[in-house]
Amino acid sequence: MHSFPQHLLDGHANFMSGRYSRERDRYRDLASAGQTPTTLMIACCDSRAAPEMIFDAGPGEMFVLRNVANLVPTYQPDGGQHGTSAAIEFAIKGLNIANIVVMGHGRCGGIKAALDPAMKPLDSGDFIGKWMSMLGELPSQLGQNDLLTASERQTAMERISIRNSIRNLRTFPYVAALEQEGQLAIHGAWFDISSGELWVMDESGDFIRPAL
Amino acid sequence: MHSFPQHLLDGHANFMSGRYSRERDRYRDLASAGQTPTTLMIACCDSRAAPEMIFDAGPGEMFVLRNVANLVPTYQPDGGQHGTSAAIEFAIKGLNIANIVVMGHGRCGGIKAALDPAMKPLDSGDFIGKWMSMLGELPSQLGQNDLLTASERQTAMERISIRNSIRNLRTFPYVAALEQEGQLAIHGAWFDISSGELWVMDESGDFIRPAL
Amino acid sequence: MHSFPQHLLDGHANFMSGRYSRERDRYRDLASAGQTPTTLMIACCDSRAAPEMIFDAGPGEMFVLRNVANLVPTYQPDGGQHGTSAAIEFAIKGLNIANIVVMGHGRCGGIKAALDPAMKPLDSGDFIGKWMSMLGELPSQLGQNDLLTASERQTAMERISIRNSIRNLRTFPYVAALEQEGQLAIHGAWFDISSGELWVMDESGDFIRPAL
Amino acid sequence: MHSFPQHLLDGHANFMSGRYSRERDRYRDLASAGQTPTTLMIACCDSRAAPEMIFDAGPGEMFVLRNVANLVPTYQPDGGQHGTSAAIEFAIKGLNIANIVVMGHGRCGGIKAALDPAMKPLDSGDFIGKWMSMLGELPSQLGQNDLLTASERQTAMERISIRNSIRNLRTFPYVAALEQEGQLAIHGAWFDISSGELWVMDESGDFIRPAL
């Protein structure tokens, strides 16, 4: 085992002299009183789309689940080890969060893989292929004709996938119940890595830039 | 559907005028050239332990998988939809990352649930219980005797779990192969929310505070 | 016949005391020397998308063709009275313009009509339906499934139509020849009425906001 | 494909910081509520005679059809793709506009071509010749004698053509019906590029400068 990467140790030293130093009391309170985040953020692993950066969030604000392509499966109480569903259950049942945000982003590698019919599995396990198969027929329904450019198709699929994840979220009985009771709000968002812009989903499912 | 939370929009406005404004070129380059993170960070969803904060990391530096209690399953190419394995495959096979860090933290709710024999499922789906069952017999092997205080037992289990996740990581054939070839390094880390300190795992599996 | 609308007369009085007063010499020169615009702008009749406003253009700068949905037919030298083709011929052959811009816009009524399979002709002449049939199978190829919201489908079709018009432009022999000789450049643009933003087509056919 | 002309991007930047900035709410309202222009303006493509400039019109005020020489064909529901008729149908049937203005202008290149018996087609398609043939025998009826100077003949033909277009407009059944019911008013106008003056058609068909 190699020694711990020096640039990560340097980064942590910056944290100690910077944010931690300024927010020492907040960290101590969060440690002793426990976390009470109000938002469950379901985001992608992508290194360019960290939710805490994008929303300038401080410690304790967001409970953040990150998987490849920010996917949510349907409610499947079948005894399997569903990591995403466990995080959702923890956030809703254990932390009583008030908002769920499914945040996708541009140039998503997982979505790109899902759209590529010629994509070969990267491994015999083919975990990515299996994981992205959660989108079912959606990628093929979008079609491979040349009406849309590759980039347009990618963006469309990223947004279709967010709507699909939100639909799947509502198959969780407690999510649906709390939303109907007005105690839980579900949101969609899409982050443009290049421009830094955030597009949010409106009630019709469209993604718009919020008015300033 | 409620309108998008204002505090998140405000946070994004801070991002735009702050970090994005300062690092516009970096974001644009990352968008056009694609991501090339060197580290796969496997961390917890906990709102108090965001890796990018703890390591003062910028955009593009870390590919971040976050699930409840930063668990890694064993390699199971059984056709199931394994989100964590998909992220590992993506990071290793798709991004050629050089370091994997499994980072746990103090006061972890998932570990606490795994240790509590009286814990009732929060839901009939019991996704948390199933998810934490990945630890197998480890929690009961640690014992419920009075030798350790509740706090000591919790910290011990958090560290045992990190070692267990690292062991599971090595069941992925390509992880083991790359590590043996010296092209991939695997690390453990544990974050103390209260003090802000980072403890890193040494070659014997112990967690120590790195010398400054 | 009613008297000429007073608000138009008032508007012209503003013109006389405003722009004309400031640019009297320019108008006189343009009258005596003739027009030498460098751009043929093919735009929509929509009242919200006047090219001269959007590009802050002065007198003499743009030769502006406006029809419903900024469509360009293919080259059809069949003796019919093709108004759009006449304007293209005039701009290229008569004025030697150097740039053609096909500019679409959001919320285009013509595109909306083309996408609506239940749309009834507004008149027995059904000029709109016949005109929009220039898009051929493109609207039906885009599909009526629920993957895309109505708004997303509309935007996609607006952009597909711009690419189609550009393709049709290149069926004019002199357009194709001049472009190959590097004496004529063809561009696509899409105007967002709500945000005021201009999206321009890049070499892959995608619409992007130009970097500032 | 060349990059988008910089002077157009600069013009758009002026628009954003100028008119759009001042009229942001108006643009947003027009986007969300849709357009409700009260005037259909039928004008020429000429770069020196932009209706929005001449009438100092804001966004949403005029639905503007622009073709070579502001011609209107007769009502021909023959299944052809009549762009001008489609725009008229859209304005009347779809937008219920209250006024139609046919605006010609001095030094019109299309009219000049129609008057020149020695004019050779600019292209084998000869779209301009075919298009201007909509004037039928009018140019030759005006005669080539020496009674009128070239300039007088040109101005006369520009005005004859406006009267002809208005006559053709009334062959559209709904135009004629709405005008008789007093719900639609049809106007003629002629713009003098050099002096900036607007001449409007009175009930006898004469063009006069309106009293201020």
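Quick notes on this one:
As written, the chains take the letters A, B, C and D, and residue 1 is the first residue of each chain.
FYI, a contact is a pair of C-beta atoms (placed from the backbone, for glycine too) under 8 Å apart; a residue touches a chain by one contact, two chains touch by 3 or more.
By chain, UniProt protein names: A, B, C, D = Carbonic anhydrase.
Predicted, not measured: the structure shown is a model, and the values here were computed from it.
Within the contact network of the assembly, the step distance from chain A (Carbonic anhydrase) to chain D (Carbonic anhydrase) comes to 2. The chain with its Cα centre farthest from the Cα centre of chain A (Carbonic anhydrase) is D. Rounded to a whole number, the gap between the C-alpha centres of chain A (Carbonic anhydrase) and chain C (Carbonic anhydrase) is 40 angstrom. One inter-chain figure worth recording: chain C (Carbonic anhydrase) and chain D (Carbonic anhydrase) are separated by 15 Å, centre to centre, where each centre is the mean of the chain's CA atoms. Centre to centre, using the average C-alpha position, chain B (Carbonic anhydrase) and chain D (Carbonic anhydrase) are separated by 67 Å. Annotation for chain C (Carbonic anhydrase): residues touching 2 or more other chains are 195. Judged by the touch criterion defined above, the protein chains link up one after another in an open path, with no loop closing it. Pairs of chains meeting the touch criterion: A-B, A-C, C-D. Residues 1-2, 4-5, 8-9, 11-16, 18-20, 24, 27-28, 30-32, 34-35, 37, 39, 45-48, 50, 52-57, 59-68, 71, 73, 75-77, 79-91, 93-94, 99, 101, 106-107, 109-110, 122-128, 130-134, 172, 174, 185-187, 189, 192-198, 200-203, 210, 212 of chain B (Carbonic anhydrase) are the ones touching chain A (Carbonic anhydrase) in the complex.
Residues of chain C (Carbonic anhydrase) touching chain A (Carbonic anhydrase) in their complex: 138, 141-143, 145, 147-152, 156, 159-160, 195, 204-206, 209.
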